[in-house]
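Same chain, two partners: subunit A is paired with subunit B first, then with subunit C.
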Partner chain A sequence: MSTIEIGGKTLELDADGNLANISDWNEEIARELAKSEGIEELNESHWQVINYMRKVFVEDGGAPSIRKLTKESGVNTKELYALFPNGPAKKSAKIAGLPKPKGCI
Partner chain B sequence: MADPIERVSIVVSKGSLEGVYPGLIMANGARMEGIEATLFFTFFGLDAIIDKRMDSCSVATVGNSAMRIPGGLKMPTLLGAIPGMEAFATFMMKKEMEKIDIPPVREFIEMIHDAGCDIYACKATVDMFHLSKDDFCPQMDEIITVGEFYEKSAGAQIIFT
Partner chain C sequence: MKKLLILGAGTAGTMMLNKFAKELDSNEWGITIVDQHETHYYQPGFLFIPFGIYNKKDVIKPKRDFFPRGVEVIVSGIDKIEPKENRVLLQNNQVLTYDYLIVATGSKINPKETEGLAGELWQKSIFDFYTVEGAVALADFFKHWEGGKLVLNITEMPIKCPVAPLEFVFLADSYFTERGMRDKVDIHFVTPLPGAFTKPKASSILGDFLSKKNISLTTEYNIAKVDNENKKIVSWDEIEIPFDVLITIPTNMGDEMIERSGMGDELNFIPTDNYTLMVDGYDNIFAIGDCTNLPSSKAGSVAHFQADILFENFLDVIDGREPRAKFDGHANCYIESGFGKGILIDFNYDTEPLPGKYPLPGVGPFSLLEETKMNHYGKIMFRWIYWNLLLKGKELPIESNMSMAGKRL
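Our next item is the complex of A and B:
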């Protein structure tokens, strides 16, 4: 299993390169994960999406679909793609310390 | 590992519900993976982006040999022709789609367009059916010829549905 070094801590990653244990996550780690995804700074809207992703994961046991994300996170589709270029659901899940979303939508 | 796919150009040529959705799901899925996507609607596929028709795409119950009745038995073609059967099959499919968060056609087209996918209509079909730009939903970017379609598909994998 591969690992990542953040703030002096070694964290385990799953096969997709996402954090293996969601309890390892904190905001500092999110900022570092974002940098490795090419997002230098997380603004308020980024956090809105990240916190929504984590909330849904805890409640439903899985990452939300892009439709749900668009409808309920308070951030619309266009903005989502601008905030997380090249795949908003996939990238925001990674930064939020969650497994890669499994759905087709 | 082989080179990842960077661009797709998806042609939707059928106007039934089951004809329209595969292309839409593939286009949306491409954008979600960071793959550039273009949608090109031709022939009856245009129904998915014609403003007055896009909310009424239905499942074809006649001539579909894979059609099953609840319980899993094959549906005889004649049964599929009974009035109301098409509406019923469409209702059932839409209900199941909603359960797995697949949006209705109009909402899906809006979502895909907002995700940065260009949406085109085929000029030959538009001329054949005597349509104009005003007949389409606002997300339709341009009416283009097949030549322009190939130009815009440069470097893309073309997927025909």
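Our next item is the complex of A and C:
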């Protein structure tokens, strides 16, 4: 199992590189995770998405898909891609401290 | 008299119908199946139509050829399920009640989900091969095409038969080579996935096949719209890819009937238990095949493995017991790779496709993740197996749960 150092704390990561324990997460950690994803600063819209993701996760037990995100988060697809380039669902889940959305094949 | 109602007489519904007609005592059980169409399509055959290998006649048969005696068949659209009332409303105004329900209404493409996809160029320069109409129109187009940029784009996951797009570009390579015009055709595979396929080992091996066959690959591409005027696809992050012919796999969704019933997710797929195949929240409804939200592949072979599990669990449930059989996500897919060869992959929820050998009593072994003639015969044989054994619910010499025998870690 790999780990990451944030603010002097060692946090466990899962196989996809997302936080292994969602309870390790806080806003400070989100900012650091965002930086490692190439997002220097989290603005209000970023937080709107991140908070929505965490809410859905608690309610449904899984991170929402991109479709559910655009339908319910109040942020449209175009904006989502601008906020979280290359895969908004995957990236915002990581920053929100959640496991990767359940991928399907 | 107890009532079993099956919705959808495609691959999965027909299999379940045959299994239960044989098993359940007709003095105690009435079995009804509903479908809107009288024709059964062998969907895996659609892949071969654009290249003139099969034609429409090779992929259709009347559904009634596969219905056993002693069951009630209703040809009608299904309006909606009222799961709390144990009731189904049909579009012919009939109302059906049930004790147990099996939903097998599949999935279908929805080009209207993407701006400009079903626009001016639809079936002129933009084609799908997930419908018989699309596949036939494309066959006509290819016959007279003089070459240019061929772009294959997967709109979003999940799609049924996730290997079919790869097979399409492999076959296109082979087809245009045999017609002596491969140098005039640029083949470009554009996918939202991070690689040629989802699972890491298969993705890297299949990616190597693409480059060996001189097919370019663009990954993590999420299409936002089609610019019909300039013949380009445009992604959400504004990357443009020009095409002369676009082969699209549009968004795959469950039937609108699922939405009308309030039983689906954002794509109208039915939330279903990964292991027991029972619909979440109900103890008398099962779902099987492409209509579920299971993270397994949406494929006929997968529906076949699910059918064995559903059958056992159904018998447990009607006896008042907990369902004991567990579906492991097993998928077994032959990938046509062109020039009379094929590749085989075998995997489940937990084990990704691995190289090695796949033992099959009496016929095999087949090579896994390698191109062989034998694997191509496997695919060709599948059509015979599909019509003669699979739909009729007969035993195949394949275990429903995946086995590690022959696989190399």
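A few remarks follow.
By definition in this document, the second predicted complex is superposed on the first by the 102 of 105 C-alpha atoms of A that agree within 3 Å, B and C clash if a C-alpha of one lies under 4 Å from a C-alpha of the other, contacts with A are read in each partner's own complex, and residues count from 1 in each chain.
Throughout what follows, a contact is a pair of C-beta atoms (placed from the backbone, for glycine too) under 8 Å apart; a residue touches a chain by one contact, two chains touch by 3 or more.
Source: prediction; values computed, not measured.
Aligning the two structures on subunit A places subunit B and subunit C in clashing positions.
When the two complexes are overlaid on their common chain A, residue A:Arg67 makes contact with subunit B and with subunit C alike. Looking at the shared chain after the overlay, A:Asn76 reaches subunit B, while subunit C stays out of its contact range.
Using the contact criterion defined above for the overlaid structures, shared-chain residue A:Pro85 touches subunit B and also reaches subunit C. With chain A as the common frame, the single stretch of subunit C that clashes into subunit B is 152-160; none of the other options in 152-160, 206-214, 296-304 or 314-322 do. Shared contact residues of subunit A with subunit B and subunit C: 65-68, 77-78, 81, 85-87, 103-105.
In the complex of the two chains, the subunit B residues touching subunit A come out as 25, 28-29, 31-34, 100-103, 107, 110-111, 114-116.
Within the complex formed with subunit A, the subunit C residues making contact are 156-158, 162, 197-199, 220, 222, 224, 236-237, 265-267, 295, 297. Contact residues of subunit A toward subunit C in the complex are 65-68, 71, 77-78, 80-82, 85-87, 102-105.
By the touch criterion given at the top, residues 65-68, 70, 76-78, 81, 85-90, 103-105 of subunit A touch subunit B in their complex.
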